[in-house]
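Shared chain: chain A. Partners: chain B in the first complex, chain C in the second.
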Partner chain A sequence: MMGRTIFIDPGRCIGCQACVSACRECDSHRGKSMIHLDYTDEGSSVASLPTVCMHCEDPVAPCAEVCPADAILVTADGVVQQADTTRCIGCANCVNACPFGVPKIDLQAKLQMKCNLCYDRTAYGLAPMCATVCPTGALFYGTLEELQAERPGVQVADTFVFGESEVRTGVAMVVPADRVQWPVPGGLPVVEINGKDVRR
Partner chain B sequence: MTEPPEEPAAPEQSDPVTRTGAPAGTDGRNQGPASAVAAKAAGIVPRSVNARAALAGVVVSVLLILAIVLGSRLLHNFDSALLPYAVATVFLAFGVAYRYTVWISAPGARRLLTRGWGSLFSAENFRKAPTALPKMIATYLGFQKFLGARSHARWAAHQLIFWGCILASLITFPLTWGWFTFTSGSGSGPGYEMRIWGFKILGFDSLNILGWLMFHGLDIAAVMVIPGAAYFLWRRMKDRGAITGQRFAYDMVPLLALIVISVTGLLLTFSSLFLHGGGYQFLAILHMVSVVFTLIYIPFGKFFHIVQRPAAVGMQLFKYTGRQDDQVFACRRCEEPIDTGPYVENLRGTMRDLDLGFDAWAEYCPRCKRVLRGSAYLSQVKKGFK
Partner chain C sequence: MTADPRAADRRTALPLDPSLAPPGTRGFRDAGGIPADQWHADQNGETLVPTHCCFCGVQCGMYLRVDRGGKVFGVEPRNHDINRMRLCPKGINAYQQVNHPDRLTAPLMRRSRDEDFQEVSWDEALDFTVSEIKRIQQAHGNDAFGLLGGASLFSEKTYLVGKFARVALRTRHVDYNGRLCMVSAAGANKLAFGIDRAGNPFSDILLTDCLLIAGSNVGECFPVLTQYVWGARDRGATLIVIDPRETAIARTADIHVALKPGTDSAFFNSVLSVIIAEGLTDEAYLDAHATGWDEVRAKAAEYPPSRAADICGVPAEQIVQVARAFARAPKAMAWHARGIEHHSQGVENCLTVINLCAATGHIGKPGAGYGTLTGQGNGQGGREHGQKSDLLPGGRSILNEEHRRQICEIWGIEESELPAAGTSMMEMVWQMQRREIRGLIGICNNPFVSLPNYRVVKEGYDATEFHAQFDFFLSETAANAHVVFPVTTWAEDEGVMANAEARVVKHNKAQDPPPGVRTDTWVMCELARRLGAGDKFAFADSRAVFDELRTASAGTVIDYYGITYERLEETGGIAWPCPATDHPGTPRLFEDGRTYHPDGRIHMQVVEWHPPMDPYDDEHPMSLTTGRTVAHFLSGNQTRRLGALVEQTPRPWAEVHPSHGFRNGEPVRVVTRRGSEVFPALVTEAIRPDTVFIPYHWPVPTSANALTIDALDPRSKIPEYKVCACRIEHAEKIDEVPSPPVAPGHVAYPETQVSRTDPLPPTSPQGRGTSERS
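Let's look at the complex of A and B:
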């Protein structure tokens, strides 16, 4: 299946923001965090979700596909890198096309930035900063076998459903073992959650 | 941190075509995912795009050769010593036209090109914002304000390189094509004449300040380029962000090429002024080789951003025109503005062109996409620790 990658388990996330702080230490965007930590049902629940770049594999990197300036590099080892600074024209196509809501944009600098899977670290075999500091293992870096050795009975899903489309990613999410064949819902079009209309 | 270790870095430096199906041989850095994906089924650029690009390259090259022949008054003013440079510019013309055609054949770029030009030539744009285009050209292409937002030092260094290269190009291209001629009855002193296509443009005294500037224009350009390129070279060796993921061929070679061209150019002047031409021939060949290499490299490496950057103006104009009509598109969930309505529709069209079957997602802001995905995971997949 997959090699060394990040496994996200929102069920373990306590929203402590350690990953957000650690992400600032990544050399490729030093001083700026590329992790999104969202409180999905704020006021009713403490549930939180860390979002890193999912490094889409099929279709390969939609952000790169829609880029009009050929600015986003997909490396041969599957890492979708942030935009090339010389080419990025700051159009925000990648920001709005990404179904996971990952890329950020600096409109003044006309520059897109996003998680590079800590390429400065993973190229050396080190874990990304976020996974290194996560106190609960909501962000785990390693192989699936290493994850399962630590957490017997877990499985992962690397396919997300968006409407009628599926997106297979290089980063996976932890799912209950009996649902491993079930692609993870992408979230839209969701009309109701717990009886509440979430469209507005 | 220095270069990444060989083994993990190797795949990234290897030909990424296997992964993205990018146009082979078009660019060492970018795998042109946009173009690539359009052709992912075939794994290469579609034959029709290749053929069209090659045709565009041939047409532009032939037009340039014609312009050289006619502009040099049927080669009467052509300097045969500059032949290698002229040949390199023909290759440059072919490469730029070829690469440009491949580039704008990808859905994202093609749509942006269409909408950018459409905005420019719309009657509304002329009526409502006639000064928008010149302002944007000055901001994005001339003064490159966006670079200042990244770093003032990078902006300053880039301005030096940019204006230095513009100056050098304005001098050398017409010279190598035989479009410029300088004549004088006496060889020095008054009576020097500058002609373009055989027509007298300027008469000046070669010994006054104007004459000095005319003869040292390329030295001035070199003096501008060297500190700019040297700063970027230093940055590529010291800045940890710049070092991450950089490649020698894509990031270092262009800077080294600019420095070699500039230094050898200055040394040629030094040789003629102070060494009675000592080492001139060797320097001239080194200078020529570095210039020819750089010209041929332009379409296929980092310098291609010179050709791509004007797309920023088209994109801004397209968005600006939409804002003039107050066509702001708000997120369907939180109602935060996403962008202009025509922009969102254009992006959805691009996604449909690419068979990305989730273009409706473009109507939601990034945060809402994440929150909704988190909510769906929480309610439908897994809740809590296990």
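Let's look at the complex of A and C:
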């Protein structure tokens, strides 16, 4: 079962961007936020959703896989680190490879930057800044058991389908209990190709 | 550095389990947090100073990060009972104002408004101020000079404001900007319960079975409280939200009643009529603990759901649903905020909510009761100790002879020297217009943005012969002054605030003020000395003022006597009344069934709904309502200078329903009887078709308060911000957002300048959906 990680609960997000501000305060990339907020049903609802790095597990971090400079390290505990400043060449392959649209390129510095799960904090047993401050608990850091103890009956998903590809992630998403749970559509879901169900 | 494994343990054991939540005093402690000798401290030689956020009435605990040079440079979450590490974007960015380049660092002065400000010495600014006070009072009487305080000040300072006005200035004209905040709720609570505060702590929300939130955009105004709301929902509580807009909280409510602004009391009367009709009242409780029930019951019968549905513009079935959910719940709570309080019948709206709680017996129990959410950090504490025009310290009435005598004894003055009750903030501005008040000192307030009907406010202030302002940034109001005193931020002094639960918390000093900056306490004491009342103001620091405040409050309902700085540091907060130093405080009221009226009963009040003061007609058929956005605070004097917050919400907008035919971002002119302004349209289905919403944090020409009406509630004198008649029109060009004023010699913060030129926010502000799909 998954260990301590971030759980994203879009049902709780109020779009306040405390996570964005907190991320900016994190020492590992102080001054820049690695989180962005999506508005999922603009025009008819105030629903919003924070996007953080999902720390892909299988296939192992597409961003790291495509990196020609081997700049993106995946640690033994599954954290996909931001690019090593001494190796990154700013080619943006990782930006194109990420199915969740997370990494950013600082064009001036020719450097990729992304969420590294506040490795500087989590290594000392602290929660990442975003999940620490999130006023609503839309970002929760801990184990699945801790989450379920606090929110009885909560269901989470860590497998997402993008067309023909499935991606299993280290960060999990809370899904409504009465909806299909596995896998969760990650992009525009392609259900059928030539009469064949491609989800399975 | 070695990691402390216990630190991690402490965080996994956050007391979100309701049985561990702090309903009683045992929970009133700092639950650990990050030890100051761990983490950053070892890394960078920095220290973490435990304190609280300077903004809203939740008063989240936080650590300020202080570098080796003694400067605040960051924030770290703190595991305080109130917020359990959580912070909103305002709290996270608050520290940036402490060493902001716009900070005022020398007194500014000019002898007339035609001149530019000059930086002058403290002596020159103080001497000029004192000579102007004396000149005006000698020529026109003591009451020709007024004082307006603020509810973001520490309680010590608000106590001093009241004392300074009455003892040093000897004027009856003192009031404060909390008048614009929760005085309606205060008035209603006083009438019904004989005590002016919320009945329950926040943690009781976790224990309730039905949570009714009326007129409060909790998600944006008190984001940290959402953890309590979701916590209640996790346990299966029903959430009812009454709000004309679909806010983030309303979006997930079980019942969202999108009523027409200004119709709250009709709605709540009708809910009560259903509760009565369905036999859901708690007659035993009413018999034992309430008065006025027969009259209230008779009045409620006049508001059947069919009638209220017409008035409120909501389905009658929703009224029935709300009544059943609230009355049938084993434990139910009602929390409200400005949405029902900012009205010409704000007090009555709150009374109808209290009537609901009383009729169903949901009072004074864990998970059952009422609360009001305070907008300003010290909105609660700011009015407790004499800053309000009709109150003396400890909530004593200035009209009561016994109360006057008690305070005169403490202050060492004759009763004949103590002035009578003054007028409210808005009324003082009208008096300034009429030149009845000719001189004014403003402390920690910005009426040019925060008061309604801007033209009247500007006229009033322009008519003053002398105007001085205390502030740490040059606010729009300070820019109108003759003298501006540069004073400390919350991180540069110590003092207490009382949050929306009436929990008194202590703020600690994190850094020395910049050279040239003084504390508000020092400035008031120095002015008093120069006015000849120095012996009554011999306070060295906040602690000395607090000790006098404690004594002055002893024996009253608002009893602080048992609260000391040391106890606050040990406990993380104590709720008043706390009459003795071994008293645990009173987090929850009425547990013994007795209120603070002499007869110990709830005095239920009959309420008749009346329409808003600004009538609708063919030219003004729609409702304009105003409110806050999560990135900004009140008049925006503090937050409109912080890059991250400006980037998040660079300018105001007018929120309109798609049925009006506007495209997102198109210029929309909003016209009321006070004027018109042009905003970018935010087109969304999340608002009633007959209602327009504008956030109010900006000055003219993008000021919601240039359009709102200065009608007042007759009892609380709170302005009717939340509803006025308006129309909307297509316009050519969106009004420019003005930059905040900057003192001579200062350079505006470049980050904010960049953002302010954008015609529209970079993203939909705070998740308010737009109808433009890309």
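One rule holds for everything that comes next: the second predicted complex is superposed on the first by the 183 of 200 C-alpha atoms of A that agree within 3 Å, B and C clash if a C-alpha of one lies under 4 Å from a C-alpha of the other, contacts with A are read in each partner's own complex, and residues count from 1 in each chain.
The rule we apply is simple: a contact is a pair of C-beta atoms (placed from the backbone, for glycine too) under 8 Å apart; a residue touches a chain by one contact, two chains touch by 3 or more.
All of these numbers come straight from a predicted model, not from anything done at the bench.
**Student:** First (chain B), second (chain C), both or neither: which does A:R12 touch?
**Tutor:** Both chain B and chain C are touched by A:R12.
**Student:** If we overlay the two complexes on their shared chain A, which of chain B and chain C does A:R24 touch? Say first, second, both or neither.
**Tutor:** In the superposed model, A:R24 contacts chain C only, not chain B.
**Student:** Which partner does A:A47 contact after superposing on A: first (chain B), second (chain C), both, neither?
**Tutor:** In the superposition, A:A47 touches chain B and chain C alike.
**Student:** Kindly classify A:E146 by the partners it touches after superposition: chain B alone (first), chain C alone (second), both, or neither?
**Tutor:** Only chain C is touched by A:E146; chain B is not.
**Student:** Is A:A109 in contact with chain B, with chain C, with both, or with neither (first, second, both, neither)?
**Tutor:** In the superposition, A:A109 touches chain B alone.
**Student:** In this superposed model, does chain C or chain B come into contact with more residues of chain A?
**Tutor:** When the residues of chain A touched by each partner are counted, B comes out ahead.
**Student:** Looking at A:L126, would you say it contacts chain B, chain C, both, or neither? Reply first, second, both or neither.
**Tutor:** The second partner, chain C, only.
**Student:** Applying the touch criterion given at the start, work out whether A:T85 contacts chain B, chain C, both or neither, answering first, second, both or neither.
**Tutor:** In the superposed model, A:T85 contacts chain B only, not chain C.
**Student:** Common interface residues of chain A with chain B and chain C?
**Tutor:** Touching chain B and chain C on chain A: residues 11-12, 27, 41, 45, 47-48, 123-125, 136, 151.
**Student:** For chain C, which residues count as touching chain A in their complex?
**Tutor:** Answer in residue numbers: 3-5, 7-8, 11-12, 16-17, 34, 39-40, 74-75, 77, 83, 85-89, 91-93, 219-220, 223-227, 230, 234-235, 246-249, 251-252, 630-631, 644, 648, 658, 664, 683-686, 763-764, 766-773.
**Student:** How about chain B: which of its residues touch chain A in the complex?
**Tutor:** Those in contact with chain A are residues 1, 4-5, 8-9, 11-12, 14-16, 18-20, 27, 29-37, 40, 103, 106-109, 111-112, 140, 146-147, 149-150, 240-241, 243-245, 302, 305, 308-309, 311-312, 315, 332-333, 338-339, 344, 347, 350-351, 354-358, 360-362, 364-386.
**Student:** For a test of understanding, state which residues of chain A touch chain B in their complex under the given definition.
**Tutor:** Within the complex, chain A contacts chain B at residues 9-12, 27-30, 36, 38, 40-41, 45, 47-49, 51, 59-62, 64-79, 81, 84-87, 89-93, 95-103, 106, 108-111, 116, 119-120, 122-125, 136, 151, 153-154, 157, 160, 162-165, 167, 173-176, 179, 182, 184-190, 193-194, 198-200.
**Student:** Of all residues in chain A, which touch chain C in the complex?
**Tutor:** These residues of chain A touch chain C: 11-18, 20-22, 24-25, 27, 37, 39, 41-48, 123-127, 129, 132-137, 142, 146, 149-152.
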